[in-house]
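Got a structure for you, written out below as structure tokens; questions coming shortly.
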Amino acid sequence: MTDWLTTQEWQAVALSLKVSVVAVLASLPLGVVVAYALARGRFWGHGILNGLVHLPLVLPPVVTGYLLLLTFGRRGSIGQFLDQWFGIVFAFRWTGAALAAAVMAFPLLVRAIRLAIEAVDPRLEAAASTLGAPRIWVFLTVTLPLILPGILAGMVLAFAKAMGEFGATITFVSNIPGQTQTLPSAIYSFLQVPGGESAAARLVLIAIAIAITALILSEWVSRAVARRIRAS
Amino acid sequence: MTDWLTTQEWQAVALSLKVSVVAVLASLPLGVVVAYALARGRFWGHGILNGLVHLPLVLPPVVTGYLLLLTFGRRGSIGQFLDQWFGIVFAFRWTGAALAAAVMAFPLLVRAIRLAIEAVDPRLEAAASTLGAPRIWVFLTVTLPLILPGILAGMVLAFAKAMGEFGATITFVSNIPGQTQTLPSAIYSFLQVPGGESAAARLVLIAIAIAITALILSEWVSRAVARRIRAS
Amino acid sequence: MMLSVDLQHHMPGFDLDLTFTAPAGVTALFGPSGSGKTTIINAIAGLTSPQSGRIEADGQVFFDSARGVNLPPHRRQLGYLFQDARLFPHLTVRQNLLYGSWFARKRPARAEFGQIVEMLGIGHLLTRRPAGLSGGERQRVAFGRAILSRPRMLLMDEPLAALDEARKAEILPYLERLRDETGLPILYVTHSVSELARMATTVVMLDQGRIAASGPADQIFADPATAPLLGIREAGSILNARVVSTDGDGLSRLQSGAGPLWLSQPGLVPGRDLRVRIMARDVMLSLQAPEGISALNIIPARVESLTQTGRDILVRLEAGPETILSQITRRSAQLLDLRPGMPVHAVLKTLSVAPGSVAQSLSSAAQTPEARE
Amino acid sequence: MMLSVDLQHHMPGFDLDLTFTAPAGVTALFGPSGSGKTTIINAIAGLTSPQSGRIEADGQVFFDSARGVNLPPHRRQLGYLFQDARLFPHLTVRQNLLYGSWFARKRPARAEFGQIVEMLGIGHLLTRRPAGLSGGERQRVAFGRAILSRPRMLLMDEPLAALDEARKAEILPYLERLRDETGLPILYVTHSVSELARMATTVVMLDQGRIAASGPADQIFADPATAPLLGIREAGSILNARVVSTDGDGLSRLQSGAGPLWLSQPGLVPGRDLRVRIMARDVMLSLQAPEGISALNIIPARVESLTQTGRDILVRLEAGPETILSQITRRSAQLLDLRPGMPVHAVLKTLSVAPGSVAQSLSSAAQTPEARE
Amino acid sequence: EDGAVTVFAAASLKTALDQIAAEFGAKTGGQVTISYAGSNQLARQIIQGAPADIYLSANARWMDEVENAGLVADGTRQDLLGNRLVLIAHGKANVLNDDQMRDLDLPAMLGDEKLAMALVDAVPAGQYGKAALESLGLWDDVAPHVAQADNVRAALALVATGEAPLGIVYATDAAAEDDVSVIGEFPADSHPPITYPVALTRMAQDPADRAFYDLLSSPQAATIFEAAGFTVLTPPRD
């Protein structure tokens, strides 16, 4: 195996996995909150929030990457603020790649969770509230377990998207091997030079293998969860 | 307005709309069938189908575009077949852009519809079958209407993705003003040259406006549908 | 039409293993909660496949594990009224009602839309959607939907539990008419002994997935041995009688094998044959024919046997060819010094016979349903 | 504890407008399907907000449209048993049962887990998930879940409709004990007059969103005017009596205002005060005291009034300070030539008094519930 | 810094630069990290504070941007490499000489078909190609037939797959692709000179940065660049 891929390629695979997992896990709580607000909330700015969440989908990824560079970069307003006050730096670090992946995958995550929340029977939530559960507990003990398959679906979708994310990432944090070079960036690099196709193909196969593994795993977990809820 | 955008830019806007709408509508039937098969079917190759559907999400868009070129291009196996037998040509046509957009948006469409199907109470379908409805009619008269909000959600997601799709499109059908130059291609071009940011920003604003309009419309339709089904 | 069912199905903690046949008329499935009633009906409807067995209706095989036959639900032409109404939430009440008739358009309609809607009192709901309906309203719509799908058999899972008495009183006669006029066989799950007594021509009693007793309703009801299964208070006998005349004050005179009988039921047509259910606890015993008493039915009879049931005595009386059950306290039996062979008078208040206890005889009710077990 | 409700709510095609108070004890909401019972309970539980009105329990305001108060459901501490069970599909039966107790851990437990599980007969289901439960099993689990949430009031929407008689017979006494021993007030929706008569201390009768009659159960039942609302066959009166002794053969002697009374109920403890419901149709009238008859209860009385109800006559009898209703045919009334003031004997079979018709008196049942209307 | 050299380089230089970096590592033990992306992306990133020590652009205008931002170390900008623009065809083709190229009847050669190029207004290869066609007087006739890809490699792929029969790409790209053949080289005077400028940035403080920068204009590097098809512009200083 080590012969098959160069160290640098292994780094790209490992980095892509790390970036995607972190992107999905870190954006999950916000994703659930936003999905809940969009599904159940009736507040001013509902439409704006919804639009904002979907922006990364509509814009060409390079634009998103550029906007990230302008805001979260070293000289960007938010980037400087986070650096000074919390010591968090996104610029040209793997954390930046994770941020880009999270932003790009966010609409997928939110939509899936939102659909799941909308499918929960509100009468069950009402039943929980008459049993004395405050709203937050109703959410944690009834809504959340019931939307688990939806959350899982959203996470897989987001993970897949994060694994494939390229345009925003390379624009925001560049393509620095070992630091910000993800699998798609590596594939891109190979495709830019004569004779790089076979190396690119190898990496593509790895990406496919990872994605299919993740899909099958999630499918399996999701069926197990659903089976418990809807026995015969 | 005509002053504000050049003719070519207007063309790009119109083309993007056309491509995205056609991509979503044309892939919808297949999307519903695949989603149904994935949600309810237990067949050999379930995992493979699922993986295949998600591939465009995982792969860098250029790779997808390249693969499209190899299969649906003029010399591609499927491309030649379609050309000879049906006279359908994708190469350098807006139809090719639509195909690329459809393929890239397909995983989002399918996931949303699949989630909706999984949320339908199978007991309602059982009730329909005891009333004499054959399986296909059960689907058309019970399942389908109940998943309409999910389908709509999937369509919006897919539409947004199609509007933003760039990498696969330009790789597959390149960028021919008036024929295959979509909004993202136009934006990309501006970003390639120093000082092109302001022109790009104008187009970005248009993309955002279109997406938000679509979102709000779909939200509105979806609420109307849901309201009918779940009156207090 | 005749349905025969043979089922074996094993679930963790619950085993179903039974064989019965349901002839034309109403076959009641009666048994405690969790005894397997819904599971059986689902198997007949084709919604679950039993692990082994055979289900056949009028020669058409619905299911046969040996031969690998398993007809899909929509080809079985059964109307199923579910324990939960299962209305289609996206359709209006009218669309729900008409849902099945589209698929049944080649079969003759048994009931007209307007007539059903009126009987069920759902005319004002037609344009509404199910979400806002009350529990009873839903169940009524579900009932109409099942009937209007023109089934050749009705499966009803506790159909009236959610309805008020007034509505029940309207629907039961309609079900009887369906049964009698169209010969539509009905498989009926209920917890209510009075519905059972009124509707059922055949009774299948279940207990924990097995058949505890089964047979024609008259026999099951007149058998003191089944009393505990029904609940002791519900023991009673069924008298077959013919309406002779109806007087101006609303009283009808009937002739039964046990002698004349006065009933205060509306709508009794002279010449009709009826089944009258007489609850054992409503039958008083008197040594002499009492006088100056409001009860109009005083039937001479002979004590056939005395059975102790729980704390009370179930007295089986012979009145001509008929059997009457009377339930009295031990104290009374002692005070009257009842012994088999003794002549007594059975005293029955006219009004003790509940309207629900009088049903039209059905030719098929006289058939002997075979209950293989 | 006292609940007072004042509601106005308008829906297309349906208007709710009513005011009533529910004192301690069981308040029955009774009315035809679609009359608004579930809507009222939902408003009390806080699941729907009425358009205007005020709901108050023991001085705590749940809802007041004028003052803009609307307490969320979880702060109202009510146990709600829904018409559909609404179990949590992702939790086991045990987890469902314990769901509410976690939030109620600061309030004292009224019933022990094991005790409730045993009474409901759901011990073997504890590790299962709701999906595979039968209709009755679900409802029992839902009942346990509501009780175990330690509510200060129970709202029950047709809780027993899906249960078999045997299970009902086990649960009703438990509910009575809850009512009597803990003073837990219960708002009870039912279509069953016998449950109503047995459980209710207060009755609120609804018709199309308005109150048709309301008051203490005894009064409502003894009032010939409410008979049509209950369904004519269900008319009856309630006698208050004290158990004097229980004999070896299981018969108990009671002393009522109307004279001695023999009942064949298990578990009657001497000294206890009881409410005995006597169905009008079970009461026979005799001019002389009959002899050699199995009926043990022969109560001397005086005809107070004769009311024609439908095709029959409802005779209101005065027996000491108590009122007894008797329902007889017109023919019998003529034959006996009954007139107000005439002395007669009311004859009642011991066994005609259904076990469900005897309930423990409740001190609060004697209170006069105010029903503002 | 830790002695590591960070190079931001146009993606088309990958093959050659990777080799040079490997040699540098072997010789000095120093580590070179190279980030390949579009010249425009790299320039924007450097302007936004990216930790690049050396910037190697495929295009002079983006180097100008970086210089204008004051981020180029004084006196380090130089035109390192040059490239040639060629007309390619799918499969085999007759090779045209310089004169034939000047009399090119491109419209006739294309017929109804497409000419693959990089974006003609945005990507350098496309810009040079457009300039060449204009100076040859072909642009107006050919323009409707141009299929613009987002970079040279994608244009090459269009020709390699036969999607377009002809294309305009760099000689460096055409050399390694089996399915295309070079028809001819555009006269050097038909377009502005194709240059790849290099510079040390202001962030470059480490001696290793300077060492690698110097290595780029060494004879060893020149050999590697030439092997990849580039022309080396800076005469090697011994």
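Letters A, B, C, D and E mark the chains as written, and numbering starts fresh at 1 in each.
Keep this in mind: a residue touches a chain if its C-beta (ideal position, glycine included) is under 8 Å from a C-beta of that chain, and two chains touch if they have at least 3 such contacts.
A quick map from chain label to UniProt name: A, B = Molybdenum transport system permease; C, D = Molybdenum ABC transporter ATP-binding protein.
It should be emphasised that the depicted structure is a prediction, and the values quoted were computed from it without experimental measurement.
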{"item": "If a chain touches subunit B and subunit E alike, it appears here", "value": "A"}
{"item": "Two chains sharing the most contacts, counting C-beta pairs only", "value": "C-D"}
{"item": "Chain whose mean Cα position lies farthest from subunit C", "value": "E"}
{"item": "Far-end chain from subunit D, centres as C-alpha averages", "value": "E"}
{"item": "Subunit B and subunit C, separation of their C-alpha mean positions in angstrom", "value": "57"}
{"item": "Separation of subunit B from subunit D, taking each centre as the mean of its C-alpha atoms, in whole Å", "value": "60"}
{"item": "Interchain centroid distance [CA atoms averaged], subunit D/subunit E, Å", "value": "91"}
{"item": "In subunit B, residues with contacts to at least two other chains", "value": "62, 66, 167, 188, 191, 230, 232"}
{"item": "Touching two or more other chains - residues of subunit C", "value": "84, 132"}
{"item": "Residues of subunit E whose C-beta touches two or more other chains", "value": "none"}
{"item": "Pairwise chain contacts under the document criterion", "value": "A-B, A-D, A-E, B-C, B-E, C-D"}
{"item": "Touching residues (chain side subunit E, partner subunit B) in the complex", "value": "38, 40, 43, 61-62, 64-65, 114, 116, 119, 121-123, 146-150, 154-155, 157-158, 161-164"}
{"item": "Touching residues (chain side subunit B, partner subunit E) in the complex", "value": "62, 66, 69-70, 73-76, 91-92, 167, 170-171, 173-176, 180, 185, 188-194, 196"}
{"item": "Complex contacts: residues of subunit B adjacent to subunit A", "value": "47, 50-51, 54-63, 66, 107-108, 111-112, 114-116, 118-119, 122, 149-150, 153, 156-157, 160-161, 163-164, 166-167, 184, 187-188, 191, 200, 204, 207-208, 210-212, 215-216, 219, 226, 230"}
{"item": "Of all residues in subunit B, those that touch subunit C in their complex", "value": "123-124, 126-135, 137-138, 141-142, 145-146, 228-232"}
{"item": "Touching residues on subunit C, where the partner in the complex is subunit D", "value": "11, 13, 31-34, 37-38, 83-84, 124, 128, 132-137, 140, 157-158, 161-167, 169, 191, 193, 231, 233-234, 247, 249-251, 262, 264, 266, 281-282, 284-288, 290-296, 311-312, 326-336, 347, 349-352, 354-355"}
